[in-house]
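Chain nomenclature is as follows: A, B, C, D, E, F, G and H, assigned in order of appearance, with residue numbering initiated at 1 for each chain independently.
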């Protein structure tokens, strides 16, 4: 059998390196892939790393960083070295923190430090209205919500920046798995918000990065 | 074959008479049923009456009232005789008017006059906030929205009354048929709003009437 | 990162305080939130608390109350202090008890004592008919059913009060997850029953409370 | 190309002849098939014949019978020649008549005369209870309902005969297309009712006929 | 709280007693219900009893019978006392045995002994054709299949008896949960087969029993 | 705006030319595209051409061929010039002819003459068994069925050739749109049949052509 | 009844004015709304205007512009006055033109001129690769595709700009309504593409405009 | 009860023996079936064998081969004895290896040695383009992908061989369970690729074998 092939040229084409999807790979395969990155002297990011896999990886790479809440694993992570970037990560509630951190660590892997603002869901609308001036200062907003997913719709009617909505798999009944939030975000037709897959914090971060890169030119 | 049997005792049991569902009945059958009501001296309401059927019914009962927008047909309708009831019908936009009127005419059939407040969707949130004091005065709110259906969620976080949410089949793509609005309203878990079937303005009116009746006791 | 923000003003706006959704929060986050409530001298309710989390919370707050059947956690619960409220909680069978209790404890958190009437499903219709006189005395009915969810439809044709239907995730095959019961309750168009999300006993209790509050004015 | 091949031996195997599904065949093909039946001296039944096709067929076979309500076409139909069979066709409302008649004419094609009892839906439960003694006399019950489809469930808890439930595509929103009724009938687990496809009156009649044949042995 | 209420009069109405659905009840509740049956001197059947619950019940009622394969629990079961009934239980493969036995034990609870014929799926059609003469002798056929669920369709074209099809939750991908088999069985329009919910062996047995009872009259 | 770009090199890469999807293009655009083909001296095939569009195209290209049954339009079609190819097109019934012909004309466009064998659905199994020797002679089988779609499964257990199954949008209720047939064909796991999209006769023909080309090498 | 309320302050909040959704409004209501815009001296855009409505509007506002292909209506449109903006609209094929133009005219309404590049679907991959240098020059890419919707995924692996993917309701079977394209675009997890609702060309244009506005600052 | 019946004549009819589906059978039943094969001197293949079952089987048949990655169990497996067959197994990434190996071992069971080529997903398109000459040499391609499943579409536009696409249950959100990949592969209409059920590596191998057998004649 062929062995794996990292797409090491992706950064030249799209501006950011390949990211490793951890959920469906065995721990052994991930370790092998990470050693390839280490040989090249590159940092690496693995997403959706289940808790036991995370422990296994930490035992192999003790200097690495594993955030159990968001299931994110980075070979190297130094908060102090990150650069401000004007990207705000907004979430309806503390139940969404696992996605908030997936966005945060993906941007950290790309060298950027984003801000995290939590608990401004639409059920307590005034908490959101009080923070509008703060939110106006960001260049890009990543907005996360589960259940009925109304937060990006409301923000989309109040603020002019690019808005990337992330449905979170938080809820039960018709909200189970994040499907109601996803459809609600997509259905919100009037305001130019865009959407990524349920729980795809990593993809939202990359989409924000694509905009950030244009702004840097 | 048996002929049809009107449930004439329903009013004694549940407080309001049987209402005729028009969409799947032939015009001939509806006429026959209506003549039964006329014989008993009762008013009658037919819902979801397609346009051609409405014309056919009007040609048989020229003194009746047909609202083409909401597909509602009443044997008798006199706005002047209706009583104020403290029920507010709120809709996100003018696209939802066909359901607004279905609620309105169902309550009219029961002798009540409800208020209609349109175009306060969440995309233009300040229009809603400016009307909060007005909305606070109603005893029951029927809230209608299509697309992402966020309006009842937002109102549910701002106002204390009973709220009956009606998803409207307004939208396209994932919003087609009203399914995204329905799921969004059901998923909105924190605030005690209740939901009826998509486009079921009649049912929402009856639910409001059940509360109204309790308040009258 | 921002820390969490309880919406402590919700009670002023909608008449009842914020309730904590426990299923997607870590035990540590819930403890932190509860300590905030204790500091303010407030009681708190956490819903959908998985069994291990419940044990963890009880070890931190030994005077609290945890109902494992319904996964409900209250900082304080004294049955003797609850007030009668005229709200009846009706369920098709003993399989639905976990939702019956979710409704019960939510109302208890708001200071109200509701009645629980179980095992009157439509398969044994006479059990229901025998209890009609009892049921007629309630001001609001919360009706819970899984499988085909026919109970609220049948009650809706027999009784005049406001009816809040709760589909329960009880059943298998097409009934798995409560979807058949939900659709059946929504589809029941003629009688003015309203519906909440699958397993949303808490939301049904809050909807009943909104009606109860209007009746108290 | 091969031409069509009628399964003329089906009656020897399963006890009833092949029935022609009309909805997806062109009028020309149906005429050709019917002429094959006429050549063999056999009666023939075509189901789901759209209105224009029905007119076309009647112009070719003027002695035939076309029931526009149920879209059923029979080469020969003489009510007087039909035999009583103890099969009752029960429907929730007059909106379901198109399926009532599909069952009726399929049995007529097999030489049997069934009874039709309409308008005993669960919203007006007493209409059903008053007819229980009548219903007890049938050997087989075909029970048709749209919307939430609760009727077979209620009858299943009251009567001991074989019950074949037919979901009707009557309703809107989540009830559109008959899906909510179908799932509700399937989910009704405790009482031994069986179900056929949405709007499949013909199949329900054949299932009743299979039982009838066993009883005749 | 009200305690449970067994529908002890069901046997008078529909000819068979209430059956206990075990999957969503706690072990304690089931024990309590069973003791009520024992007090009345009745046998009892509990369906969908998860393995640990089965062990718990057996420890309380050591003379009872628990079939782990089909998750069926009977207070009393003596094979020797069962009566032949002419009901054949047919399954496509050994993967469907858990449903085969659910049908078998439900009939056993009603005093009947059915035959079980396994491994005649349509992929090996000749195995089925070789058994046609055997199958012709049954009065009622219960036919179980997972995956694409084609077996009842094929049998429906070959044999004249009443056929009750049971989709089994056997398969993966689009067949996961039994949905493909269910839809395939319902869609099979031409032959008068009827269908019950996925994995509802108990309901299929009761449906067969309803026919059997008619034949006994 | 850019104008359209035919992929004229596709034949060099994959062995057959680009085929024009007609359903969503305006008649004017199709005419323009066809004139491009005529300029190059190439034949062209347009699929899913609605009846009015077909008439419009025929008025512009009077020597072309339009098959209204299958909605297929070819600039040039001469049956006499087609070559035998050993591909058999099998369909359950005459309702499936519109797809039978879509397969037939796609292969005709590629210069091949396939055989069409209709009306051997599984409800009349002996019609199929009688033709087994005939069917054994084909090198590739394209098998079309609507409703429950069992035909490819049965053939897959009887014959050794490559089998390409095509679900047809023939049926109603759960079979509407061909979804039940599709899932049934995909779920049929044991025999190595492959599947294309619902109604995709053209794709099935191209898949057969890919195999035919390998056999020619 | 309240009359409609245009959200005339939206442009101050989010940077672009309210856009009128035409599909569910009556022609009369739209005319009334447009007259309100004319009174204020503002241009207006109406989306999803069915053909007959478009003709009606043109008869009332003869100087307006109606693009029948995309169902877009603008009170004023002068191509010469538009400004270049570096936004590229890319589509897989000519079947997608109705969405291409919806994006184009929405940007035109905002004063911007976008480029349209059609027919570079993945089935003819080299057509795309040949245009890579051209595509690299755009600041934002709006990428439209129906059927399997693979185009944004492929472009996302080749180019670094912000990419807004629009699923088009082009296709049949599982692709009908654009659902397969939508899911495919959302599922494409590795590259930071974002998605809007099916056929939501207008929303994609607004999302592109939000990015464009940030770049102008 | 009947005991099981292996379809030992399948190889005579379709060219390959029956394969045992392991997921829904108990370990005891599988052992019994395998002993039947051993008695006949035949090799046997069991698919979808969960890890614990695999260990149980290995303890009974220590000379057998169990591939935990793909859950495949073979009584006998000797790589050296396999024959080259010109079948290429292609996968988008290392997450798909469990299906790659299911295809590989099914072909091994039939005596064939296929090649495995991994990590050429469309996100890194150049990896695929660089391997085109290699891929051109295979007679049949089995192409596996999860997430958005675009790989078979892209390959279908580049290469002329028969292509069997296998959607893998790799992904989350809308991609969970492989449904997005399945629909995307089916929707890919223009190029004659065929599809099997999600995760059905075994079926894809048998489909490839059917083509291989034709080529051998």
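Operating definition for what follows: a residue touches a chain if its C-beta (ideal position, glycine included) is under 8 Å from a C-beta of that chain, and two chains touch if they have at least 3 such contacts.
On a predicted model such as this, the values are computed, not experimentally measured, just so you know.
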Neighbouring chains common to chain C and chain H, by label: A, E
Superposing rotation of chain B relative to chain D, computed on C-alpha atoms, to nearest 5°: 90
Listed pair (A-B, B-D or B-G) duplicating the C-D contact set, over half by residue number: A-B
Between chain H and chain E, distance of the C-alpha-averaged centres to the nearest whole Å: 34
Approximate Å spacing (C-alpha centroids) for the pair chain G, chain H: 42
Approximate Å spacing (C-alpha centroids) for the pair chain A, chain D: 55
Where chain B and chain C are represented by their mean Cα positions, the distance between them in whole Å: 27
Sequence positions of chain C contacting 2 or more other chains: 10, 18, 21, 123-124, 156-158, 173-175, 182, 186-187, 189-191, 197-198, 200
Interchain pairs in contact, sorted by label: A-B, A-C, A-G, A-H, B-C, B-D, B-G, C-D, C-E, D-E, D-F, E-F, E-H, F-G, F-H, G-H
Touching residues (chain side chain B, partner chain D) in the complex: 1-7, 9-10, 18, 21, 23-26, 29, 33, 48, 167, 169, 177-178, 182, 197-200
Touch list for chain F against partner chain D, complex: 69, 93-97, 100, 116-120, 123-124, 126-127, 146, 170, 172-176
Touch list for chain H against partner chain F, complex: 10, 13-16, 18-19, 21, 139-140, 156-164, 182, 186-187, 189-198, 200, 202-211, 213-215
Touching residues on chain A, where the partner in the complex is chain B: 122-125, 147-150, 153-154, 156-158, 171, 173-175, 179-191
